[in-house]
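A, B, C, D and E label the chains in the order they appear, each numbered from 1.
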Amino acid sequence: MSRLAAVGVAVLLIAPAFVLSGYHLFQTTMLAVYALAILGLDLVTGTTGQVSLGHGAFYAIGAYVTAILMASFNWPYWATLPVAGAVCAALGFAIGLPALRLRGPYLALVTLALAAAVPQILRAKALETWTGGAQGIVLSGPEVPALLPLSADQFLYLFVLAIAALLFLAAHLLLRGRIRRAMAAIRDHPLAAEAAGIDVAAIKTRAFAISALFTGIAGSLGALVVQFVAPDSFEVMLSIALFVGLVVGGTGSLPGAVAGAGFVLFVPNLSELVSKSAPGVVYGVLLVAALFVMPSGAAGALRRLVASRRRARPDTA
Amino acid sequence: MAETADVLVLHGIAMRFGAVVALAGVSFAVRRGEICGLIGPNGSGKTSLFNCISGFYRPQAGSVHLDGRPVGALPRHRMAALGIGRTFQNLALFRSMSVRDNILTGAHPLGRSGFLANALALPAAARDERAARQSLETVLDLLDLRAVAALPVGALPFGTAKRVEIARALIARPKLLLLDEPACGLNHSEVDDLCTLLLRIRGEFALSILLVEHHMSLVMRLCDHVVALAAGTCIADGTPAQVQRNPDVIRAYLGATPADARAA
Amino acid sequence: MPALLEVRGLTAGYGAGEVLHGIDIDVASGGVTALLGANGAGKTTTLRAICGMLQRRGEIRFDGARIDAAATQAITRRGIAHVPDGRGTFTDLTVEENLRLGAYVRRDGGVAADIAAMFEHFPVLRARLRQTAGLLSGGEQQMLAIARALLSRPRLLLLDEPSFGLAPLVVQQIFAILRRIRAEWNISILLVEQDASLALDFADHACILDAGRIALAGPAATVGRDEQVRRVYLGY
Amino acid sequence: MSALLHQTLSGLATGGIYASVALALVMVYRATRHLNFAQGEMATFSTYIALTLIQAGVPYWAAFALTVVLSFALGVALERLLLRRMAQAPGLSAVGVSIGLLLIFNALSGWLFGYTVKQFPSPFEGRSGGVLGGLVSGHELGMTAVTVVLLLLVYGFFRFTRLGLAMRAAAGNAESSRLVGIDVGWTLAIGWGMAASLGAVAGMMVAPLVFLDPNMMSGVLLYAFAGALLGGIDNPFGAAVGGFAVGVIENLGGAYIVGTELKLTLALVIIAAVLVLRPAGLFGRAVVVRV
Amino acid sequence: MLTRRTLLQGTAAASLVPAGRALAADMPGVTASEIRIGNTNPHSGPASAWGVIATAEAAYFQMINDQGGINGRKIAFQSLDDGYSPPRTVAQTRKLVEEDEVSFMFNGLGTACQTAVRQYLNAKKVPQLFVATGADKFGDPQHFPWTMGWNPSYRTEAAIYGKYLVQEKPNAKVGVLYQNDDFGKDYLLGLKDGMGEHYASMVVKEVSYESTDPTIDSQAISLQSAGVDAVVTAALPKIAAQMIRKIADLNWHPLHIMSNVSVSVAAVLIPAGPEKAIGMLTAAYQKDNSDPRWVNDPGMEEWRGFMKKYLPSADLADANFGYGFATAGTMAHVLRQCGDDLSRANVMKQAASISGLQAPTFLPGVLIATSPSNFHPIRAMQMQKWDGAAWQLFGPVITA
């Protein structure tokens, strides 16, 4: 990417803070949060091909780590992010271990079960002192540093954007060299990958860990934006939504993660405009239609478009 | 450590799958720098033996020594770093990647940088990438793959795809290259090219090759030493000519037809 | 004698890339046609196109009837059996189930007898009847694939590299069996084979494909004897 | 002690619910190698169709049969119109489509039939409370019997019928299946149809027990998946046993070990542990890979 | 930001008719002809059963508008879907407040969802009126002066049961079945409130279920085998019906007290089998349409007339329609009381000064009343017992 383009992208990303306001800025902030969560899922499902239907669990745990540290231990909001990331990475690693043995539908369903169990665990009596049980935890949002002439919404957006941009950059770097090749090799042909000297177990568990880290930090940011966590926020449907975002956005693509986040964030509201009485039907239909039109997701459709353009150009024919 | 004369020593390798005996005590050695052919009927245990050497199977008995060191207990992904490279009977390329990336993947054991170094673009990651790309250039030229380097592997003709697989094993600079039926599916002229190629590889990379092959003319021309397996045991071990004359080998494997007469 | 299979101007390929650029092939009733050529010349593509496994244009007649618009399963039902490259066995089914599937299109009562006949030709299959096909060795899978194709009682057999990955002795056996069955059941064969000398021994007619076009066609004996053909196209 | 027995029996009865849905999941998986997340919601929708028929005066068994047929048609239609298109797409997209169907059928049931809890008649319920001294109700017994019959039918279908064999072949290797003359398009469609029929039967058996509402199967599906995982998703026998086992584990775990608040978590831990030891489930077949 | 909306509003302001523009700076969402009211509700997702509440409320406001509105203003009621997910509630509430500029929020549903926006709405001084949950915490004027509940709190209701048990059945071995969430747990708290020190000795078994659990057979057996002879069930209708039936199937005859959420004759008792619930107790504040006692009741007739005209295809057995009718009625009452001062502060002030409103669908003697220190509009309930055909009220109207 040329320097000019990079500056352009940066301006485009920062602009919402000053162009949008209130609700729209809030939604844009959530878009960044979900995009990050979906990117996390992509890091394990898109790259190593391990299907997780339970990433909402990591999102929830990231959110709760932040909420608990802020509410019970008075930590500053920014200091909770690395802890949330580390806790989720450790958990992701732990879950990656049994996941090593499981194939296709088995892994998908075990992770789904994990997602189903998390709200139950969050409500459990033994943890109530910290989690607030079913009532959840109400947070106060980050305070705008005194020197910055920004509103709370603006600051929050820029903060989330900065973290998300850093992590997207890290993902971009990760997904261009030997680690990306190793992960793709594992997805394409695990035995050949081992013969090529790739420690499949190590890469898979680490991919799971880093994926959980991304999604966990997204959850942590989500908690700061919504300023409330409760088991009801992290039901199975959250995991399903992240998965839907990944599928609609398309795997293996950073912009795809953003597109997928846009779908899960905005299309439900769009559905409501179409039918007040059964928005669920409309949303379902739009989801099916999106996959019908773009079976490999938005990213896949874009790739195909670029490829056909390239083919159409006479000099490369 | 002093270099042993034998790069690979197999001793009493035995392997069972349930009631089926795949290998019943196989012993032989591959000398440094030689091309050793492994022949035998289908189902005689050649591929199983390959899998035992490259760590894919754990033999129930026996030992594998590479350069005098036992390697039997190591995890399979360590084999590449120790110097055992292999190809597969049926193509085992990474289908979503380009030729270049397929080969670069083979360089994985040469690098050290992990998730963190790569995500943060630390110098170690850049160093690994640079080294891998340098080796890539040599291999691309040697195997004549430069023209197709950017193509997805799915688009390659079979013979070229096989060369990509060899290139992927070669980029890690193995001491011992295991080739599982490299000539399979190639026509006569392609087999000739392969023969030349393998001799060049041995020369330039100073490695030893163990190959499973049914193409007898290739085996006869290329190999310094041939081992014949049948029903999981060694039935012959010697020069190509010796093995080809061995009545057990003729009975179990070669049969006698005009085609073979020509190959000889 | 009219050709059992007539291919005229067949064009086919994968996605946007065209592999065959209009080829003509005949297989005589009761005859064996060998299709030779280098890797990537389009031999496998030809067989797949005949079977309707990919998009194709041109005219394909089987026993006088056009089949170039028919679906694969319909072509099989007409009496064409294909042993694809890579063998295409049902690896997670047992050998017995694979054989039963071979006779899937048949409604006659002769299946059991034909299976018994296959056991006679391929005794190893009887020994492994209840085993998962994926556990068979390469040669055994090839035998299973051929037996399965024969069990549909085809009139035309398309064979894609039957010697692929097989020991010389097994190759000899398989070709010997093919000869016998061909005679017994009066089956015509279109054979793709890398081992040109083997193929030309077996076939009575040969076509040489070069980069998606027929470079040469004629009686197998003539093609095999032609020194220049051998050097340029067959490489021996 | 009697409470333990009682909990076990009750767990078996609940497990019957999971087992019957798990069978439908296995049906689709074996026929298409995909998980159908919409299976439960489709079953609920079918059950509403049955209820509508019964309320319109159709006798129970006629409504039952009609619902099975209609559901079959629905399943076939979905495969032919929708999933067919996804055959070339990455597997993830097919899962995405089934999630879309889940949302559609769930919302459709609520929209068309309302959200109030509906009673659904049982063909097995006498006037009296139950059998075995009230430990098990007549319907639970009947439902278990139906589940067992379904299991035998599914097992026999795959094992002994030509179509069943063709379906397994098509799921494993579509190309070779076409080459032996199987119309793969239809086997997939019929697989979906049969799964939808099985689901409909499951729905009609479950509804008298848990009452009919649009979310009747949402929870059941999760446990049915758990059962199928435990037993093996490609094995009807395993999935049914898994379903029953999950019912019992859940009951005993909830009553005696961790308490009801964490019984789902306990079930998850047990399943994960079993799968680590046997990655293809207790009765599933591990995939064999030859190098 | 210049959106199409602001553009339109600008145009409207330029014209003579001041529609679409706030009357005064402190009266957002209010024009001379209209007042905008916002609401969030699960129209999609697993909790969409509650969505009909907003449908009923929309219909009620339509009725008001058809009758000329309130003080000449039409009510523009906008209900958005939050799928019962707190993050979406925050988004939708912010949309309503910031983009659609509603005057205030009314009857948003769900404890967690409404907790998620309570802080935001209070900070913005936007009334969060008549929240659709029985969680006790929504009546806390000291900390959240802009938030008010509506339902009798679950906790209060449970306290009534607790007191009843201590008084009427002091030797009972009490068992509780509760949904494992804030709804169910509020019942536990309320029982503790009502039973005081007796709780520890009387309650021998608490068992929970998940909202996704298909059956509660195991829980029922656990309660029975613990020797329980008085059961308090805090469950939603489906599980409530299962519990009634299971208790009968087990041939077990405990005193059964059922959460008020699940006492609809049509939606719970008839599916479960009316004869199986004989002797069951509950505390009620609303009339049940399917209860034969109210066939000729004028209040219920009014409701039925409304339903017939505005929601002709609705399922009358669905208690949520009655609920929505009553909440919207309360809201209309508050707006009438506001007169022409529709500032947010006055709306809140009037909401906190309802003196004894008798809703047509409420039991006789149950009044809606609030004061600056009482943000629990409905505190009165009356015990009733199921006789196999109808609920029979007994005892006095109890005010917690």
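The rule is short, and it goes like this: contacts are C-beta pairs under 8 Å (C-beta built on N, C-alpha and C of every residue); 3 or more make two chains touch, one makes a residue touch a chain.
Here the structure is a predicted model, which means the values were calculated and not measured.
Student: With a step meaning a move to a chain it touches, how many steps does the shortest path from chain B to chain E take?
Tutor: The fewest steps needed to get from chain B to chain E is 2.
Student: Look at the interfaces C-D and A-E and say which one is made up of more C-beta pairs in contact.
Tutor: So, comparing the two chain pairs, more contacts are at A-E.
Student: Of all the other chains, whose mean CA position lies farthest from chain D?
Tutor: It is B whose centre lies farthest from that of chain D.
Student: Taking each chain's centre as the mean of its CA atoms, how far is chain A from chain D in angstrom?
Tutor: Computed from C-alpha means, the inter-chain centre distance equals 31 Å.
Student: State, to the nearest whole Å, the distance from the C-alpha centre of chain A to the C-alpha centre of chain B.
Tutor: 42
Student: Compute the distance, rounded to whole Å, between the mean C-alpha positions of chain D and chain E.
Tutor: Here chain D and chain E have centroids separated by 36 Å.
Student: I need the residues of chain E touching at least two other chains; which ones are they?
Tutor: 44, 46, 48, 180, 210, 212
Student: Scan chain B for residues touching two or more other chains and write them down.
Tutor: Those would be 56, 88-89, 92.
Student: Give me the residues of chain D that touch two or more other chains.
Tutor: As it turns out, chain D has residues touching two or more other chains at 103, 106-107, 110, 222, 261, 264, 287, 289-291.
Student: Report the residues of chain C in contact with chain B in the complex, numbered from low to high.
Tutor: 17, 36-40, 86, 135-140, 161, 164-173, 194-198, 201, 234-236
Student: Chain A touches which residues of chain D in the complex?
Tutor: On the chain D side, the touching residues are 29, 35, 82, 85-86, 88-93, 95-97, 99-108, 110-111, 222, 225-226, 228-229, 233, 261-262, 264-265, 267-268, 271-272, 275-276, 279-281, 287, 289, 291.
Student: Along chain E, where are the residues that touch chain D in the complex?
Tutor: 44, 46, 48-49, 51-52, 180, 207-215, 217-219, 221-222, 225, 237-238, 241-242, 248-251, 264, 266-268, 270-271, 315, 317-318
Student: What does chain D use to touch chain C in their complex?
Tutor: 162, 165-166, 168-169, 172-173, 175-184, 285, 287-290
Student: Can you tell me which positions in chain B touch chain A when the two form their complex?
Tutor: It is residues 54, 56, 75-81, 85-86, 88, 92-97, 101, 104-109, 111, 113-115, 118-121, 125, 128-129, 132, 168-169, 172 of chain B that touch chain A.
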